[in-house]
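As written, the chains take the letters A, B, C, D and E, and residue 1 is the first residue of each chain.
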Amino acid sequence: MISMNKVSKHYGSFQVLSDCSTQVEKGEVIVVCGPSGSGKSTLIKCVNGLEPFQSGEIIVNGVSVGDPKTDLAKLRSTVGMVFQNFELFPHMRIVENLCIAQVKVLGRSPDEARAKASSLLERVGLSEQAGKYPGQLSGGQQQRVAIARALAMDPICMLFDEPTSALDPEMVNEVLDVMTELAQEGMTMMCVTHEMGFAKRVATRVIFMDQGRIVEDDSKDAFFEAARSERAQQFLAKILHH
Amino acid sequence: MISMNKVSKHYGSFQVLSDCSTQVEKGEVIVVCGPSGSGKSTLIKCVNGLEPFQSGEIIVNGVSVGDPKTDLAKLRSTVGMVFQNFELFPHMRIVENLCIAQVKVLGRSPDEARAKASSLLERVGLSEQAGKYPGQLSGGQQQRVAIARALAMDPICMLFDEPTSALDPEMVNEVLDVMTELAQEGMTMMCVTHEMGFAKRVATRVIFMDQGRIVEDDSKDAFFEAARSERAQQFLAKILHH
Amino acid sequence: MAYNWNWDVFLQPTATGDDTYLGWMFYGFKMTIALSLSSWLIALAVGAVVGVLRTVPNRGLSGLATAYVEVFRNIPLLVQLFLWYFVMPELLPLAWGDALKQTNPILQQFFAAMLCLALFTSARVAEQVRSGINSLPPGQKNAGLAMGFTLPQTYRFVLLPMAVRLIVPPLTSEFLNIFKNSAVCSTIGLLELAAQGRQLVDYTAQPYESFIAVTLAYLLINVVVMFGMRWLEERVRVPGYIGGK
Amino acid sequence: ELTGTLKKIKDTGVITLGHRESSIPFSYYDDKQQVIGYSQAMMLIVVEAVKADLKLAKLDIKLLPVTPSNRITLLQNGSLDIECGSTTNNTERQKQVSFSTTIFIIETRLLTKKTSGIKDFPDLAGKNVVTTAGTTSERLLRKMNEDKQMGMNVISAKDHGEAFLTLETGRAVAFMMDDALLFGEMAKARRASDWTVVGTPQSFEAYGCMLPKGDPAFKSVVDDALAKAMKSGEAEKIYAKWFLQPIPPKGLNLEFPLSDAMKALYKAPNDKAYD
Amino acid sequence: MHEFDWSSIPGAWPFLWDGMVISLQITITAILVGIVWGTLLALMRLSSIKPLAWFAAAYVNLFRAVPLVMVLLWFFLIVPTLLESLLGLPRGSDVRLASAITGFALFEAAYYSEIIRAGIQSVSKGQMAAASALGMTYGQSMRLVVLPQAFRNMIPLLLTQGIILFQDTSLVYVSALADFFGAAYKVGDRDGRLVELLLFAGAVYFVICFSASRIVRHYQNKMKVA
């Protein structure tokens, strides 16, 4: 479904991604982790063309992302994305946040869009908040709306960039629960996250990045039981012990 | 050393603190936890008079904080405080951050202040960074500087307000390590934090707050083994399970 | 101070006998309002386009927009006014210039002043629009794109609605500035409020009355605009957002 | 016992003169930024007289440029002791300031291009005509337009220079102003020979020096000095210098002969306003 | 098209230069005085002492409501007279420069105070709390911690306002003071070359203001990195 082949990217002389290659099959859940600044966000943004890259190739569902002839907007409408800071549109009500792209991009009728929105809000447990504005919700609620918003486009896969790291500790689980459910329903997912509990529960594979390189790309068990690289071991030690 | 007696505070009709009472003895390490908005930060800021309160009494080292005749600046110089967002002074070098209050508030000579600063930077493992500006350090390093800055005033006790919650997961431990060491050396501490590992390791007592009230005020073991209130149990469940 | 105060001067017929001095002031007041409002509408439209262009990834377009802003920002309004009124017709092809000059002079003055004020202000509006867009979290643009919006759609549905709300307060002061700057237009002979005030001094030699009246009129405009914009600010406020309820 | 302006001048040893910046040939800057012109010369005669009258060994002169819109205010608020430029003496202004003996008498006429075909005021109907804001010409022109329904578009320029620019660039077909000033503007033109002054004079106007109101002692010193200069023939020499000989900045000769009204004035100096 | 004749510019250099000196003199004095007075106004506006806050708010709003041209006229024609009659001062003769500088400084202070107030508010509340927690008094916290940061954040805006101020000096024509624009206009008027001199003045202003804004931009970028 997603295939990356020797993707490299640099800002000036600074190498953000070096020769990153990996494959994601339909239904897989990939967790991407690694130290701050290692290029996780950049990698995941390359998948739907939010960040351009200089060399290599990314194919999503048979379409080459880097190809200048690709209709990126169309590609992106089939890939859901959830951001660290939710990025709901603050001037629209929750239900409008869910409907706007359905109507304007997919061309659904407002009624159809509303029906879809309601069922998704139901699913993330927020039917009651439909008429509110994002600023009136807690962080955890906002992130659940953001997930619902992405799902409203009927994406073929979902990208998550640290979806829980801006949340109060209490609210982390309500978001992880939604994600877990999604994974169990067979959604293809790439998640940048440090929630190792989540990784242990649902990941099929874990990718560990350092300094722009994919250092480990293992099955979950292999990674947690015996990460090969020293860097990954150090990282795990730091992140797990407290 | 710190004694609170029926402290209440409200913004307009909104009650932020209701009848909070507790005692902190010399050498004790108190961890304060509770859901977001429960008044933890407010409680701790009342201790050194950063937040005024409407009724009740707080005595720190024999001085009443709420008394209008108290010289608050003097009181605060004897109580160290560390903030969630570090709050280093970005326009000053690290060493200047450590010296300025020593010179301007305590009236130490610049040389004396510098000597003190060096030894504290040594202690938090940052001697090399003395000449840099805060913006050039990582979050974990900045927070360690902030702790050193507070210690430079030779405080009789230290207050921490979520010192690790703005940090990347990798950096949490380097700060917790410094705090653990401090606790083990016998510093009197009040820490708002959700790091339950830290609490288990060094706390003498845990205070659990909810909706402006101190709901639990137990010894560490009592709290973790059998929190009495349902609210605290729920909270622990949410925060520990992932 | 030996001064003959004479507030009745406003009720006296003017030297040319066609009106009272109060009527003159009122004419000037209307001229100021008409000039400022029409310039403001143009400035908003042009400024919004230029401001958006400054933030687009296309280097050519954003360079062009930047050049526009720099030119109109870095020449004093007074100089620009003279350039529009006196110099521009000389730079046009002869026939056009002559045709332009034969039109009604009041219209010439009005349009030169309007164009000048509008473009001068549009550069400032463009800067506000740009800073409004740039002050949105960068993730907003990404979020819009990630939903499958095209770039223009992202601007239309995501970035501009918020940016416009954010810049209402700074735009208020630009809006006020346009009224104040319109006072400069009297230098090309346009009979707006300040000019009528000065005429009154010329004709009646009662400077203090005239100054006080003109100053009060500007204060009045100011108060009305401030209340209007504050009302607008309330109207567009987003619930739950910073500064919102 | 001295009072008012004279006392102030005596006490401070300073006299402040108001002048114009581009009223050629009455009061304007030459290319070294010195103030020169007919009115300026007359004003310096007054200064000498004041100095003699106060028996001062030394009298400092301060010069302050004024515009049509601020000259009265500046005189009223005491910033100026005297203003000589091209200020018309009329009854309205007399309410706020007082005027010295008339120093010049002009007629209001039209400056136009020789090829324009404009011969007199009726030719202006339906055309764009420029004049300078705040002048008596502006009033006359607007009134004429109103009374005779001529359908002119009257442009009021900020100053004479701007008015002439309006004429020169073809925005207006004629510039109505005091004839002497029109000759002065011609002197600045690119090609002075293209221009001509035409039309039946619409009014006579008397230029005077403006003095603070209600200071008869000062006024009499000023008036005496001016009258003396006129009767002694000194004034006529000054006239010749500025109106019949080449003058800065371009060395043009205005060739503006002494009118009958001026001759009469020099014979019998007075401070009469013409309206 | 117009035939241009630039010949009067070289001869007028000294006069134009004098004009530029006056423009700069007004700009620089008004910036310095404006910033000092503006800072005081900003502190008053933020102070908890109500009358001070009201005074500052009224001052700022009044000055921001009136066109600069009117302010300059007031300060040129009316305020000196009032002061002299109130204080019984002898009549100074040429108050044009002094009144222009005063008018500008007081007017700009209103704008600067708004910039500085925003600067103070842009410093996070936590900084003030951190300074207080170290035992600093309100004065010390302001002086040592908040104001230095506020100024640093606001330097680009302060400089930009300075550039606007420099442009606005052309408005002193109301008092016939020959600043750079006035000088250019007068030369053009005298020689019948207004169009050329106006174009020239426009070009000079553009070069100066554009260079200055480049410097501001450069500074801004440097700060972003630091």
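As a convention for this text, a residue touches a chain if its C-beta (ideal position, glycine included) is under 8 Å from a C-beta of that chain, and two chains touch if they have at least 3 such contacts.
Since we're looking at a predicted model, the values are computed, not measured.
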| item | value |
| --- | --- |
| Shared interface partners, meaning chains that touch subunit B and subunit D | E |
| Taking each chain's C-alpha mean as its centre, the one farthest from subunit A | D |
| Reference subunit C; chain at largest CA-centroid distance | B |
| Distance between the centres, which are taken as Cα means, of subunit D and subunit A, whole angstrom | 82 |
| Between subunit E and subunit A, distance of the C-alpha-averaged centres to the nearest whole Å | 51 |
| Centre-to-centre distance between subunit E and subunit B (centres being mean Cα positions), rounded to whole Å | 45 |
| Whole-Å gap separating subunit A and subunit C, where each centre is the average of the chain's CA atoms | 46 |
| Multi-chain contact sites of subunit C, meaning residues that touch two or more partners | 1, 86, 90, 97, 187, 207 |
| Junction residues of subunit A - those touching two or more other chains | none |
| Residue numbers of subunit E (touch at least two other chains) | 2, 73, 77-78, 81, 194-195 |
| Touch relationships between chains, expressed as pairs | A-B, A-C, B-E, C-D, C-E, D-E |
| Residue ranges of subunit C touching subunit E (in the complex, touch as defined) | 1, 70-71, 73-80, 82-83, 86-87, 90-94, 97, 173, 176, 179-181, 183-184, 187, 194, 207-208, 211, 214-215, 218-219, 222-223 |
| Footprint of subunit B on subunit E - complex, ascending | 124, 126-127, 129-137, 140, 144-145, 148-149, 152, 226 |
| Complex interface listing, subunit C residues touching subunit A | 137, 139-140, 142-150, 153, 157-158, 161-162, 165, 238-242, 244 |
| Touching residues (chain side subunit D, partner subunit E) in the complex | 8, 11-12, 14, 16, 21-22, 28-29, 31, 33, 62, 64-67, 70, 73-74, 77-79, 159, 161-162, 164-165, 168-169, 188-190, 249 |
| Partner subunit C, residues of subunit E touching it in the complex | 1-2, 62, 64-70, 73-74, 77-78, 81, 85, 163, 167-168, 170-171, 173, 181, 194-195, 198-199, 201-202, 205-206, 209-210, 213 |
